[in-house]
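Once you scroll down, you'll see the structures, which are given as structure tokens.
What follows is subunit A paired twice: with subunit B in the first complex and subunit C in the second.
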Partner chain A sequence: MAEPNQLNSSRRQLLVRGAKAAASIAAAVGIARWLYDPKGPSGKIETIQNSILKGLPDFSIPRKDGQIISIVNGQDRIKTATQAIELLGGIERFVKPGDIVAVKPNAGFATPPILGATTHPDVITAIVKLCYVAKAKKVIVSDNSINNPASCFTISGIGKAASAAGAEVVMPKDSYFIGQTLAGGSLIKDWPVYCGPFAGANKLIGIAPLKNHNKSVASMTMKNWYGLLGGRRNLFHQDINGIISELAMLVKPTLVILDGTETMMTNGPTGGSVSDLKKTNTMIASCDMVAADAFGCSLLDLKPADLPYLALAQKAGAGSIDYESLKPVRAGMSME
Partner chain B sequence: MHQNSGRARTFETAIGILILVIMIATAIGIYVISQDYNMSRFGISTAGNDESEGDFTAIGTSETYNYDNLYEKINGKAPMYQETGFVKLDTQRFAAKTNSDLSFELYIYDMNSAKNAFSVYSRQKRPDAVDFNDLGANTFGYLAGNAICISSGKNYIEMIGSAESNELVNGMKEMATNLSAKRPASEKIAELEYFPQGTVAGSWKLQIDNAFGFDGLTDTYSASYKVNGKAVSIFLSKRKDADEAKAVAKNYYDFLITNGAKAVSVDSDILKSAGASIVDFYGAFEIVFPADEFVAGIHEADNKQAAEKAAEVLISRLREING
Partner chain C sequence: MKITTVRRINQVFFFVLFVWFCIAATVGDKFWQIRNWPINWFLQLDPLVAIGTIFSTGKFYWPLHCALGVVILTIIFGRFFCGWICPFGAIHQFVGYISNRGKKAAEKIRLNKYRKAQKIKYFILFLFLSMAAFPSLANSLQTGLLDPIPLVTRSFQLVLLPIFDRGITSNNARFYEYGWLILSIFAAAVLLNLVIPRFFCRFICPTGALLGIISRFSIWRIGKNKKECINCKVCEKACEGGCEPAGNIKIAECVLCFNCRDDCRDELIAYQTIPSLAGETQVDALRRGVLLSFASGVLVIPAVRLAGKTASNWYSGVIRPPGALAEPEFLKRCLKCGQCMRVCPTNVIQPAGIEEGLEGLWTPVLNNRIGSSGCQLNCVACGQVCPTSAIRPITLDEKRGLGDFESAGAIKLGTAFVDHGRCLPWAMDRPCLVCQEVCPVSPKAIYTKDTFTTVRDGAVSIKEIKDDTIEISESISAGKFNTGDYYILFESGSRFKISSNTAASIGIFRSGERSVSEVKIPSAAKAEIQVLLQRPCVDIEKCIGCGVCEHECPVSGTRAIRVSAEGETRSTDRRLML
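Here is the complex of A and B:
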């Protein structure tokens, strides 16, 4: 039988050990609590040009009947993109002197232009130069790439084309994301959205290649805004149609360009072989993303009904599937 | 007693230290392994070495992607691989020594089995693919413009060039040959030998699930043939046993009928004896039958006679296999 002193000693040891264990657990919990970030990427925004962005403003401009969507046939992207904007009233309708224009291309992948997975550099050149013709104060080109951003902008040729045309290329960083909630949305709820580079911008132009997509069937002007999502955005693949339609509600650009010069018909969104591409020689400019994508379906040998997100976006008021009712302006360029 | 408690404390302390050492060693080991981008296990020299692959040299560092972050490399294509047994992806870029603008990126997908690798290979095969016939046993490959794609054992391999260039294609072909030689594929895809002679070269395809839109048709192989000048596609799927084969064949037939197909007469006595069913599915003929543990048939044939002829040859071949 243990002596009373030994029992007291054992109890003391038990208490001491218990206290140490409790302190260790408390320390672990404290560290975990300190590291825990319930909000995800920081909601703080780095100020750019002394203005703080509180989210994505409405960049759209008033519509003009008969100048909502243009469709130009041709092989030379610089010529067709320029013509497409001319048919909608010219760049001066969209960009005013002193404007700061944000251009959002698809710079998602570190792949060369030949594959058609990213916005073609020639379209970047055309649009950026047009903005400066309209006496824009500044043009910013940016995207939240899927692969390493520096590699994406370099290998896609977008960075070089943008810089050569006089634009500022902005790489993503954590502080450029702000939690956004779409009123009435079920998916975009306090989700980090890439807004920083667009702080202070007056106009927003989206430029997208026309592609098949393994998940969403097609990737066009509305899907292009997927690049603005931060965090683990691949989670939204589970409701790809829902997220695309919500993005069309969240983002109200001034203009979108849909490049169907070489359409990726299969193996999208990354492709991999020039055999995946078909020369459809068409450039679309539009103030209505839904209409642009609805027309784009035809180049993919699809019908609008094949893309559920179109109907969702139309129902939400983002645009019109019946692009013909918008009286598209058409032109064809002679074979170069 | 004091001595005993002292020994007990020492023992407990020793156990505690041992546990901590094991945990730290595990953490270090995980870190070290995760930093291992060693492509040399594929027989490929990496940037920083003096060696290179012929006229091309590795540039940048190799990258590795696992199941959780595969989408960071291939985005919307990731599910196709993830749903087909994907384990990991290793990538490396190469550039021509004499022209850094000429480059290609090598992708090596570990798909866990030859069957899985072949499935993603065949499902993405381009219509204008030019097949390679000299990459070694159990290895399939083709050239499509600026890209070379290979199925070799458990690996699906892509080499994607930055341009359509003979120099680039030759460099990629050389690497493809070297890869095959250094890591020959031992795993065979047995089902391909069940097909009759006369397959259109390179037309084999494997649909792991949901073949022809029917979720009951899994692990379904198909190949193209020409019968009297008419294009025909033969398919077969090995089931667990003859009972399952019968059930799947019936279910597929019912699926076709439910979706608007019309039953048509079977003219061939061989097909009748095999219990084959023929339907006209919006102008294309489908034939399905069980043959021991196989579900087999003809898919989307324009010509009924050609379809029946091909089915007869297939029945004969399967009976030959089953003895």
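Here is the complex of A and C:
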């Protein structure tokens, strides 16, 4: 009795084992098929892709003749910045109820506001408050700083001013950069650009201090967009004029503010001493970056011809150097 | 509540507190950031930190006063620090408990018996203390290598938290060189609990050894309150110290876990003011072994110093954080705890390897390739958190040479040197100048020597000049010269800035009134395309060695401008200036 039973059981075991073996073979073949790569690696450098982030949209608004650029003289940045926007038709022209506004200051360095290397917190306060007056849904303030971002936002006072006025301050993260290519450009090709914090925004306001800058001669509203570049962006110093003019094509802001209340005349763009600054008591608001920067030259005792990137940007259609032809609206605040 | 439950609650509490202080060692003003959290509290409690620095410096640095409390309480109560407070001890106890849970009582008793090798920790202690004790021969503080509080602080701050804190306490990844070595030692110490519970505490821990010696005269101690006992040894089943409470207790090994008191069904074990009625043995370290380890310790540092790393053979890559003491003094105080490396907002402070000699392992050095931007001008965080003042708590005024410190000048960490073989404007005739731009001092320490150089194959012959355009006979690369850095030089000596170029023509910027066609150029004249190079030079009087230039240099491998420690203000023999 025992022997046939054993035989039966071993036959059953064999069948079971056979079935398991077949399943294992099938699984091995299946996995091999699934992962099969007939080509091998292409050797192409992977670029940064992000399924959620899109590039920077066009944030600009339609032009109105006679309300393209305004120049206000005065010392109190909150008053002059508010007045400069008023002269262009008021904040309601730029910010509609429910808008999400991104503000790009120059927060490149961890230096205090008194040294003028970064956007002055008062201008941030003025602009953020104005946006909320126009019933903006949210205001985001962000920059991809050169020094440690958290230190930059703290020491420059920008972080505190922005938060106090109700804006959200966003610090850079690796995931905020996506590869961008500028159509018709030769430098911005698959280059990581800081887009993350501006995703979802429909307005963009650039706020720049007015500074001397050795390589590019002057750092103003267009140079401010350099902060959006990621990667080893310093390579672009080999063609600083080219990259600034390409940035002027890539970024189409709603409005730019150029703060010439105190101009950094020497030792830029870091400064480091109050003796590098000169009181020039001017605030510029403009829908035309090239015009704003062309005017800014005069505060640095320069001519627009001293800045090759202005001509390049004008040629690329980013704006016009001849700001007088745009009939700037001017005003002077009483010097209290 | 049972006393062992109270002990467990204590251990969990202090462990959580320790992790919290590690997280809070972050610059910022949020509630969980540094503010006024006493992030060094565990280091300050550690009696080996205090006694080690007393041996090495001859002084009791005031923030370490908490350690005196631990010493006094240990004299009264025994090694409560090991069993109740030490976060590393809590980890060992937990891992040991988990790995031995299912074992039979006899097996547990075998694991927790006293071993002669437990003497080794005393030898380690004497080795370290004698390394620190003889300044006339050469001394340095090496306790931090194995002192459990610096060890566990370093492991959490430089390895465990950075692996997990991305996006939580820092937006981007933090980097620490030699993290693998720090983790290996931490992991080895933790995994050895699988072999013998509290392996590190029993065999290695020099702080435990120190407390064992201090607890010699403790008023209260664990021991048997009756002589008679069935000798079931259940009390030794979960003994954390391996001190054998059933018999002649090795009192210096007892970490006051109270498991024996809890496990004895007949309540024969008590925490009492009389020595155990079954007898008590004091610190069981051989006199010969102690003498030997002491003698070795005396010789170790002088032997290491033979390499000359604190003398003329010093390594210029060792750039210490701002406020660091002169090298021999620094080595007498640095615990290698990693607090400065953790708090540094730019992540530039790194644990050193053995480049500057064995003594310097894991001491803080600046690596400008790591981190976000060299040593930030307006930051003194590292000195503020240093528990032993190896990096002094300097003010911003002192760092920058402002106010009262104007005559002393700014603190220099070293000096930047331009590598003319790698720098784009110096070696490759390409415009760059990032280093000058980011130099944070005023006036800038980096200035330029501006030179016109003819580019490769830059000789051209003029065909025709029309308005602002020059037609040339040669074929050049279209668009190559339109960056604003290029010029055309005529034989007559006049030079014009190029605005753009095609393969056969060159456009010129009209400078003011003068246009290029007004310059009288003979037909078929020769000209040269030149580049205006702003070549960076470092002013050694102004350079503070902050390293932001090195960090930002676009030559991304070996940078074309690099800081090395020559010129650092903390020493006189490394200076450059007269």
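Just so we're on the same page, the second predicted complex is superposed on the first by the 283 of 336 C-alpha atoms of A that agree within 3 Å, B and C clash if a C-alpha of one lies under 4 Å from a C-alpha of the other, contacts with A are read in each partner's own complex, and residues count from 1 in each chain.
By definition in this document, contacts are C-beta pairs under 8 Å (C-beta built on N, C-alpha and C of every residue); 3 or more make two chains touch, one makes a residue touch a chain.
Computed from a prediction, not measured in an experiment: that's the story for all the values here.
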Clash or fit, subunit B versus subunit C on superposed subunit A:
clash
Touching A:234, do we find subunit B (first), subunit C (second), both, or neither?
both
Counting touched residues of subunit A, say whether subunit B or subunit C comes out ahead.
C
Just to be sure I read the superposition right, which of the two partners does A:173 touch: subunit B = first, subunit C = second, or both, or neither?
second
Considering only the touch criterion stated at the top, classify A:273 as touching first (subunit B), second (subunit C), both, or neither.
both
Which partner does A:298 reach: the first (subunit B), the second (subunit C), both, or neither?
neither
Of the partners subunit B and subunit C, which touch A:114 in the superposed model: first, second, both, neither?
first
Touching A:202 in the superposition: subunit B (first), subunit C (second), both, neither?
neither
A:146 in the overlay: touching subunit B, subunit C, both, or neither? Say first, second, both or neither.
both
Partner chain in contact with A:309 - subunit B first, subunit C second, else both or neither
second
Look at A:60 in the shared chain and tell me whether it touches subunit B only, subunit C only, both, or neither; answer first, second, both or neither.
neither
Clashing segment of subunit B (vs subunit C; choices 6-14, 42-50 or 240-248) is 42-50
Subunit A residues where the subunit B and subunit C footprints coincide 109, 111-112, 146-147, 155, 213-215, 234, 237, 266-267, 269-270, 272-273, 275-276
Subunit A residues touching subunit C in their complex are 109-112, 146-151, 154-155, 171-174, 186, 213-215, 232, 234-235, 237-242, 266-267, 269-273, 275-276, 305, 308-309, 311-312
Which residues of subunit A touch subunit B in the complex?
2, 6, 108-109, 111-112, 114-115, 146-147, 155, 213-216, 219, 234, 237, 266-270, 272-276
Footprint of subunit A on subunit B - complex, ascending:
1, 71-80, 105, 124, 126-129, 144-147, 149, 158, 160, 162-164
Would you pull the subunit C residues touching subunit A in the complex into a rising list?
27-29, 167, 171-173, 345-346, 371-373, 376-379, 424, 430-434, 436-444, 448, 479, 482-484, 497, 499, 509-512, 534, 548, 552-554, 556
